[in-house]
Structure formats: C-alpha cells, structure tokens
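Have a look at this one.
For reference, chains read A, B, C and D in written order, and residue numbers begin at 1 within each chain.
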Amino acid sequence: MRIDLNSDLGESFGPWAMGDDASMLGLVTSANIACGGHAGDPDTMYDTLVLAREQGVCVGAHPGYADREGFGRRVIPMQPEQVSRLIAAQVGALCAMAQFAGTRVQYVKPHGALANLAADDMQVARAIVNAVSRLQPRLAILAISGTHLELVARDAGVPVYSEIFADRAYLPNGRLMPRNQPGAVLHDPEFAVQRLLGFIQTGNMPVIGGTPIALQAHSICVHGDNPEAVAMASMIRQRLMAEGVELKAFA
Amino acid sequence: MRIDLNSDLGESFGPWAMGDDASMLGLVTSANIACGGHAGDPDTMYDTLVLAREQGVCVGAHPGYADREGFGRRVIPMQPEQVSRLIAAQVGALCAMAQFAGTRVQYVKPHGALANLAADDMQVARAIVNAVSRLQPRLAILAISGTHLELVARDAGVPVYSEIFADRAYLPNGRLMPRNQPGAVLHDPEFAVQRLLGFIQTGNMPVIGGTPIALQAHSICVHGDNPEAVAMASMIRQRLMAEGVELKAFA
Amino acid sequence: MRIDLNSDLGESFGPWAMGDDASMLGLVTSANIACGGHAGDPDTMYDTLVLAREQGVCVGAHPGYADREGFGRRVIPMQPEQVSRLIAAQVGALCAMAQFAGTRVQYVKPHGALANLAADDMQVARAIVNAVSRLQPRLAILAISGTHLELVARDAGVPVYSEIFADRAYLPNGRLMPRNQPGAVLHDPEFAVQRLLGFIQTGNMPVIGGTPIALQAHSICVHGDNPEAVAMASMIRQRLMAEGVELKAFA
Amino acid sequence: MRIDLNSDLGESFGPWAMGDDASMLGLVTSANIACGGHAGDPDTMYDTLVLAREQGVCVGAHPGYADREGFGRRVIPMQPEQVSRLIAAQVGALCAMAQFAGTRVQYVKPHGALANLAADDMQVARAIVNAVSRLQPRLAILAISGTHLELVARDAGVPVYSEIFADRAYLPNGRLMPRNQPGAVLHDPEFAVQRLLGFIQTGNMPVIGGTPIALQAHSICVHGDNPEAVAMASMIRQRLMAEGVELKAFA
C-alpha cells in the first residue's frame, strides 16, 4: 500500500505569515503551492519552491479565486472561460517561478471555493481541465475524490489523482462539510488518524449523518493553516508508516 | 532597411479600458502585453493575445511594478532578488496565457519605472536578465537603446534588441525625459514622424538641451495609452513604408 | 413637479478614467461618488468632490463590494455584519474627504450588486441601514424605488429617497433587468426620455414582459459609465425642464 | 511622572493575523489602529476598536502607504497633496468605524515609511498636518520625538504629542535605525526596559555610535508585531509602575 500526503503551502502574503511551511515540507510528499491569487506573492512562491526542492517534495500549483481578503473561500461569480484564464495565469506564474527556483510543477489542485464549486459544477470543472490540459504536457490534476472535476479530467485524458481529507468532516454525499459549520474542521490528531487508518483498511470514509461512503484516494490532504497542522501531519506520517503504508508522491 | 514597431498593449484592467488595442494591433509588428502587475488581468491578457495572434503580431511580456494605482510608473523599493521573482511570476503568467491562447511569448520588455531604473542600475538590470535567462530558452529582451539593461543582457548571452521612442523626448545622456516634465511626451504625429525619419537616416536622435546622440534601434516604440496613439502609429507606419523601410518584428 | 437627477461618478481608478465626470457634474443635481471600494481612490474622490462643490451638486457616498476587477457588480459572499463594516469604512472615507474638499456627504446610495441584493434581502438591507444610521445624524439613503432597502430605512427612521433609472430596463417585479441580459441597458436617449416623461406623467414605469408598474421617485439615475451618458443626461435635463419639471437635489 | 504606552494594532488582514492584539490591549494605554492602507480591513478595524473600547484604551488612526505587500515600510513616491488625500481617506474610514463601534478616534500617528519620511521632509509633514487639521476639531498628531512632523504640527496649532520607541535603536541624529540594519529592533525586554528607565530618569536616549541625545516624550511605543511584543509591553508596564510612573493616555 502506498499513498501521497499533500498540504496547501505557500499561503503567506507580504508581511503576513501563514502556517509553518518549513516543518510541513519535512513531513508531506506533495506541496500545493499558492499562486498569488487567494494567497502567496512572488517571494513566498519562490521561498516555498526552494524549500520543497531541497526537501525533495513534489510540487503542485494551487490556484484559487483572486480574493485575498476572503482567502479564496468565497465563490466569486465568474464565467467558465474566466475561470480557465484565472487558472492559466496563476499556474503559469508558479510554473515559471518553479523553473527559476530549479524545480518543476507536476500537478494542479484548485483551492477552496473554486475546488468545491468544481466538485459539482460541470462547467467549472471543464473550465479548469481545459486550462490545465493546454498548459503543459502531462500536467496532472489533483481532485477531491468522487467529484465532477475528477470525472471531467479523466474523460479529457488529463492525468488525474484523487485526494481525501485528513482534517475535514464529510457529508453523506461525499462533499466536505462547509467550513462555517461546527465540526467541519477536525482538530484532534488522534481522532483524525484513527479515521484515516480505518479508511485505508476499508476504503470507506465516515460521514456526518450517514453511513460511510466508498472513496478512492491517491493522496491525503492535511491543511497547513490549521494550528494543529504540524502535529497532525507528523502523527499521520508516523502511524501510516508504522502500518506499513509507504508515503510517496503520486506524480 | 528594416525595423520593428512596438507598442505597450493589454493595459486595461477589469472594467477600465485603456487605449485602442484592436486598432494598434493592426498597425504594430510587436505587442508588449501587460502581465497583471502594473496593468492587465487574466481576461485582458487573453483577449489581447488572441487579437495579436489573429493579426500575426509578435508577442512580448511587459512586466512592471505590481502597483496598479501608480501604473508601474513609481519606483517601488525592492531588493534585486525580489525584482527577479516579480519578473518570473509576471512573465510566467503571460507565457501560460499565450499557450492557452494559441500563441507564444518571444521577448520581455520591462515597463515604466522598472525599465527606467534598469537603464542605469546594474543590479536591477542583472536581476531582470537573470530571471529572463532562466525562464525559457531563446526568450529575448527588448531594452531601451543605450542602457545598462542592454549591456548586461548582451554580456549574459541573452538575445537583446534595442528600442527607441517615437513619442518621448530624450535627454542629452540618452535617457527619456521624465513624464512629469513638460514636453516629455510628444503629441504631434507629424513632428514625431519627422524626428523618426531623421533618426533613421542619420542614426542620431535629437535631445532636449544638447546635440543629437547616436543610438541603435531594432524597434520603435509608440505608446498605446497616448490619445494620439493610433494616429501616430498609423502615420509612422505609412511614412516609413513610403521611405522604403520594411516593418517587421525583430523576434 | 420637482425631481432630482443623479449619476454614479468618481469611478476612475489610478491611471484609468471612467466616464466624463466634469460634463456630468454640469448636468446632474446629485452625484453618487465611489468610495475606493468597487472604484475610486483618494485622488479621484478628492477631484470629484471639488468639482461637485464647484458646480453646486449635492454629494452622496456610493459604496460597493471591494471588488475592483468586478466593478462591484458581482455578489461577494459576506455576513450582514461585514456589510455594515464595509459601508462604514467606505462612507467614512468619503465623508472625511468631503470635509477636506470643503463639502459634505448628504446621503448614501449602495452600488451595483450590493444595491441589487439589498433590494430583496432583508438582512443586507438592515446591515446597510444599521451602518448609515450610526454614522452621521440626518445622513439619508437613496434606494432603488420599491425595494426592501427603502422599507427598512423608513422603518428605522432613516431619511430615505427613491430613485428610478433612466437607462435601465425593468422587470415585472420592479427589479432592474440584470446587466448580462440583452436590452438591460438603454442606449437610445430619445427612447429613454420618452419612457421617463411617460413615467413622470403617469407614475407608471414600463417593464419587459408585463404591464407598467407604479413606482415612486424622488430622483432619476443616469449612469455615468454609459458611452451615451452625457447625451442622455443632457437630453433628460432639457426635456424635463421644457415640461416644467424642476430639477433639484432631494437632500 | 506620567506617560502613555502605545502600540500599532489592528494590523491583521483578511485571513492573516498579526500580533496578539487582545493581549496588547490589556497592557497599552493608546492603540494606533491600521486603517486599511498598509494593513487592516473593515472587520479587523471594527474588532480592534471594540476591544479597545472594552479595555478603555485610547484610540488613534495609524494611516500608511497603501502598500500591503510592503506593509507600508517602502516609500511609495507620491506628491504631497496625494499624501494629504491618502491620510484623509484612511483616517476618515477609521473615524467612521470608531463611531460604528461606539468609540472615537483621538489622534493620528503616521505609519512606517510615511512616518520616517515625515520626520525630515517638510512637505510631507505639512501634507499630513494639513489633512489632520481639516478633518476633525482637536484631532491630535502623535509624532516621533524630535521630528519635522512635530514642529510643523505645533506651528499649525494642531495638538501634537511626542513618542519614543521602546524597541528600536536610535541613530545619533535622533532618527530610528532603518529596519534593514542589524540591531535596529530590540528583542531583549530587559535591555529595552533598562534603556527606557534610563531615559525616563535623564531625558536622554542612547544612540548607536554617539552620545545620548535629549528627547521629549509623551508616549512610549512598543511594536505589536514583534514576537516579544506582549512580554516587552508587560515588563515595561510593570517596571514603570514600580518606579512610580503613571501610565495614562496622552489624549
């Protein structure tokens, strides 16, 4: 058994730090790096890319709505073709920065409200896949497991990988419980790890208010902006390895 | 005799239009397209790139200080390595968008205060050349003729081309007269064309308060945000062609 | 018969001009001035306020979603209490600038998507009224005629005035036809004036796909960012005066 | 002996927190609150104002260059009249928010690069004083002790108070050592407190590379974004009170 461990990193902005990227990059196998839209700036992108390269961590682009105040967690009404262009500009910025930093972007994982929208909205999912497929050969998509984005990417022949969340509660329909609802974010590493180990053994993910659902997963996401992020990623890493699970980048 | 005619385009932002890009793209041979820093946004970049492709116009990236309110015309204090990252992120965004739009970025021309600083500041010139040289093989630089940026690029083995300005007054040291001084911007197309024809015949550019100076030029810049931009570009095009000068992209 | 003529002005931003404010300020009796949210910046606010003062035009604050790229025409998801704070900050900025420019803000008119949302969403309407009522004694609200914002303001004892639109099509429910639908914006001054004169005589406003509806109006809005804005405002002004209607600020 | 203890607060932005405002507001007597320029947003302004009101802390506006990425610590080239308008807009936003939050702005303290510029540049100092004097009767200025801003405000009849810095090194000319130089920021609370107590006894402030200089002070500034901010403010408070110094807002 082998799986990837990913985290959203590079989400500082100017004078404002977010998360402990240096520690997280010692724990994860893939880093989704913000592209200057919902978070990040040229210096943050560069620094995070260099750290990822030094730690041998696989790099993905993490584009989101260009809404810093809302951290990309609010749906900004856009036409599908505008979404494609947003993705192209942000992924392009990170790809070039990666080249400048001596590494390479391997995949794209949409952020926040855009990812949640692409889970169910075919037009938005297509807009994202359309942009990614035209930017760089073999550029993959990392999608929330069981979503339209996953299906659309597969249909389009774009390499696609699925992720589950270590620190987010699930709804019976397989979607993430919205952040503004109590219990949406798991803060107890032990509970999160137990849920994860159960999932890895059974392929079924517990949900709030329903029976566990079957999900596929090439990767596990641990959020980097959780105060418990480092503790959680560290415990997940140890316990999975203790169970004989190999942690390795999917890309 | 053969020369390129370039213009700064794609400088609209959101609801705000600037210049008449569609008309200008029917007149110039190279388009310097804003990258979302001093101007531009994903939609504007895309639309301008598509128009350029349709008109067969050569495309360059036009990065500048990320200062929309100041339109990239104010020096924002930055470390040289920050300038490199700014260039990498902006040029990368446009390169990806060009790919998405079915065309390709051939060169980089710094904008406004950054270009003026790179004319004399070796560290800034090196920072720009450093970024460009590591992004894409054969990506060229379009520099103001007679500047440090030109020299640094040449020394670094980066393809470099020189431009002169059709609509800006020159100082005796070869620098552009700052925009806040009267007479800095030429508004009379006939006067500008006459000065240009004189330069093409002699290789010498008239300056304010001094004797004409020798400059080399692969390209002529006509600003797109001048109210007279279309009239000036149109007259330059006609008169140069009437004199037997071939207008062709340098890249 | 007496009515006010208002227009959304001060919507330039940095290097980007919008509309012909100087001409419009010679025609309207009230100016809704952008507050740096959807448009405007300190210089634009100041310049517009000075022009308004010089022309004797009554000044209102025109706050909107802090979304320049979308020009405040996209709904940005916010909690009602966040809307109150947005209003307070933007109106406060304009009030202080008015004082600095030697004039005074008399009313608040929400902009774009925020105004449309406040037309039907009681919580948003209350959030706006709540902010306005606590900022300055006698600060009025200019609301789209027949909306919840109008009712909520009246109930709260905040001075409220109603506006109709000279250049926008109406739906049978009294709401404005969304801008992304064909025919939403009227471009023919003659047609707009005829519709307006009919309304003034009958109190009934024609709608698309229904019978005219009764509306009350203390003010007529002419958009300043229409290419036909000056022509339309000029014709409205002349024809209303020719019909014996007095044009005068409501505040 | 009586003195004020102030700190720069409300410098979070959207999802990004800065400093521990709640703790600091239990220690200081005056809070300089960011106005949405270099930092802050409507929610942060409101929350900080409410906390200040609840703790009985005197409130000042802390306007700065509208440069979030540079946190207002870079000089953005502006005309003096543009500085006045920047100040008017930002201070106005905070004044209105204070009213909405049930408190009142008592003074203005310029931030970062703008404050340093106003220390020596008469035109910038005049631009700031000009704006403040026209906004609200009796609105005071909190200036770095011994600067042109202090002199200009006094000459203009604007109430002005002087501050010294608990956590910044001084140069022989009385200016703060620039932040990019080693030793510019004091991190050892014990050292800072000793220096402060010495100043309070003698009126002389030690400088780097020179003999102590005489300074006047109505207030002591402790930066809120220092990791040691709370520890330093807490120790300063205790030790000053132990020495019989009364801590009280100047305004």
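FYI, contacts are C-beta pairs under 8 Å (C-beta built on N, C-alpha and C of every residue); 3 or more make two chains touch, one makes a residue touch a chain.
Values in this document were obtained by computation on a predicted structure and should not be read as measured data.
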{"item": "Higher-contact pair (C-beta pairs counted), B-D versus A-D", "value": "A-D"}
{"item": "Option in A-C, C-D or A-D whose residue-number contact pairs overlap B-C by over half", "value": "A-D"}
{"item": "Separation of subunit B from subunit D, taking each centre as the mean of its C-alpha atoms, in whole Å", "value": "42"}
{"item": "Gap in Å, rounded to a whole number, between the CA centres of subunit D and subunit A", "value": "40"}
{"item": "Contacts with two or more other chains, residues of subunit A listed in rising order", "value": "69-70"}
{"item": "Contact set on subunit C toward subunit D in their complex", "value": "36, 42-43, 45-46, 82, 84-86, 88-97, 99-100, 131, 134-135"}
{"item": "Footprint of subunit D on subunit B - complex, ascending", "value": "66-67, 69-70, 74-78"}
{"item": "Subunit B to subunit C touching residues, read off their complex", "value": "12-18, 39, 41, 68-71, 225"}
